[in-house]
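Got some structures for you, see below.
In what comes next, chain A is part of two complexes: it sits with chain B in the first one and with chain C in the second one.
The block that comes next holds the complex of A and B.
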């Protein structure tokens, strides 16, 4: 079963360096983060082998969040070959996230 | 970042205080809790955690950053109950960004 990647500052750049990545900047205490958690897990399954679904805990990895200008949580940032190409702020539907990923594949 | 033992008596006492605080906010503004109890639990934990870490109930859904003097502040001044929630989010969307505070109508329509 495909699973999302839990990334830290030690591996973040390498994780997003190639291909399409959707990065969920979250905090464990954030209501909307909890609401979209099942959706993110489903996306990891649906896009297995096509795109990377990544989670970054902003409580523990503030440097990455600050680097990409994250202020509110959840913020979802889409990368293609290491380049930030799109951002969504707040919870959204699975279809909305999937459409963004498909648009980059 | 400073770690907090979330099973400690101190944290549990702060959680109880935070629950009283959110009860009071709901009563004051005529709001209700989110029908998804997982959301309420997470946000209450986050508020209690920020109160212990920073002395203020900063919203757990916004980054806490250092200002030019090295003092911790909430991004967008999101101290609970935050002005954007009171003035815009709850009147327009039926809930605050975090989702813990809702209008009775929003809660009724989203109760599963």
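The block that comes next holds the complex of A and C.
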């Protein structure tokens, strides 16, 4: 079963360096973050081998959040070969996230 | 064909699911694009849910609901509903975000509401970059910093008090002289040292750069005030989520009032037989968890005989 990647500042740059990545910036106490959690898990399965689905806990990894100007959670940033190409703020449907990823593949 | 389709997974939708399935409907699906719980999961503190005492967040309150509500066979479809059609034979078609659709004998619409934008310059551009409608989500980005709260209702004041525990200072910007929140909440605001009130004032413009908000300009009786704060939280009311009931020509499949709220009777019945509404989406909704849950139960106990009757007449 494919799983999302839980990334920290130690491996973040390497994680998103190649291919398409969707990064979910979240915190454990955030209601809308929790709402999309099962969606993110399904996306990790659906895009297994095609795109990386990454979670960053902004409570612990504030450096990454600051670097990308994340001031609201959940913020979802899409990367292609390490370059930030798109950003979504707030909860959205699985189809909306999948459409963004498919647009980059 | 579903016995009942419930659109939305907040307190109203979950309770409707509990009552329809426990009441005997076999084939009920609740459509909710993510984890159920609803907008209350963003609230920092619930003081007014009967039977629940002590400090509890909206997320804590909602945690056990989905499991309980699904115990009697409620199914959860994790997909967004785009549109509900009312068919000539009285049934409904639920159009889903993945392009597929499903038919149902009855529908309980419990799509809730979404925070309104306040409408000042820069708000849309800087939303999520310092402008926020969720203090529990985003408050911690402003630890030890100053923030502004826009609004003067219950939510604005409760979240201002929450933010005052994290931030060095909270400015409440309110367009009137007095507040229309609960007296207990107003007292807590007045007793909080690091909250400053800016009354009879309206935001003019929020400004910032690529990294986010740097400040907000406010029209006050004394002239334009420039508050150099990195965070602006707006709590100025809610818009109902009624898009799923809109037809292609922009009219609605059932009667709504001028604010777009669904008109219901005391049984939560809309103008369309088989279509019920519950929670924030309906007229005169008090926008409280306990009321939304109550609506869900009312709608469900009335949906059950409706579905039985339709099934009987179809068999004849």
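Note that the second predicted complex is superposed on the first by the 105 of 105 C-alpha atoms of A that agree within 3 Å, B and C clash if a C-alpha of one lies under 4 Å from a C-alpha of the other, contacts with A are read in each partner's own complex, and residues count from 1 in each chain.
Everything that follows uses one rule, which is that contacts are C-beta pairs under 8 Å (C-beta built on N, C-alpha and C of every residue); 3 or more make two chains touch, one makes a residue touch a chain.
Predicted model, so just to flag it, every value in this text is computed and none were measured.
**Student:** Specify the outcome, clash or fit, for chain B and chain C once both structures are aligned onto chain A.
**Tutor:** In the superposition, chain B runs into chain C.
**Student:** Determine, under the contact definition given at the top, whether A:34 touches first (chain B), second (chain C), both, or neither.
**Tutor:** A:34 contacts both chain B and chain C.
**Student:** In the overlaid three-chain picture, which partner chain does A:60 touch, first (chain B) or second (chain C), both, or neither?
**Tutor:** In the superposed model, A:60 contacts chain B only, not chain C.
**Student:** Have a look at where A:73 lands relative to chain B and chain C in the superposition and call it first, second, both or neither.
**Tutor:** both
**Student:** Go through the superposed model and pick first if A:90 touches only chain B, second if only chain C, both, or neither.
**Tutor:** So A:90 meets both chain B and chain C here.
**Student:** Which partner does A:42 reach: the first (chain B), the second (chain C), both, or neither?
**Tutor:** Second partner only, chain C.
**Student:** Looking at chain A, which partner touches more of its residues: chain C or chain B?
**Tutor:** Larger number of chain A residues touched: C.
**Student:** Between the stretches 19-27, 91-99, 199-207 or 235-243, which region of chain C is in steric conflict with chain B after the superposition?
**Tutor:** The overlap with chain B comes from chain C residues 235-243.
**Student:** Does any part of chain A touch chain B in one structure and chain C in the other, and if so which residues?
**Tutor:** After superposing on chain A, chain A residues 27, 29-35, 59, 65, 70-74, 90 contact both chain B and chain C.
**Student:** For the complex, give me every residue of chain C touching chain A.
**Tutor:** For this pair, the touching residues of chain C are 33-35, 37, 39-43, 57-59, 78-80, 97-98, 127-130, 132, 134, 136-138, 140-141, 210-213, 230-231.
**Student:** Where on chain B is chain A touching in the complex?
**Tutor:** 1, 34, 36, 38-40, 42-43, 45-47, 49, 60-63, 65, 75-76, 97-100
**Student:** Considering only the defined contacts, which chain A positions touch chain C in the complex?
**Tutor:** 27, 29-39, 42, 59, 65, 69-75, 87, 89-96
**Student:** Using the touch definition up top, name the residues of chain A that touch chain B in the complex.
**Tutor:** On the chain A side, the touching residues are 27-35, 58-60, 62, 65-66, 70-74, 90.
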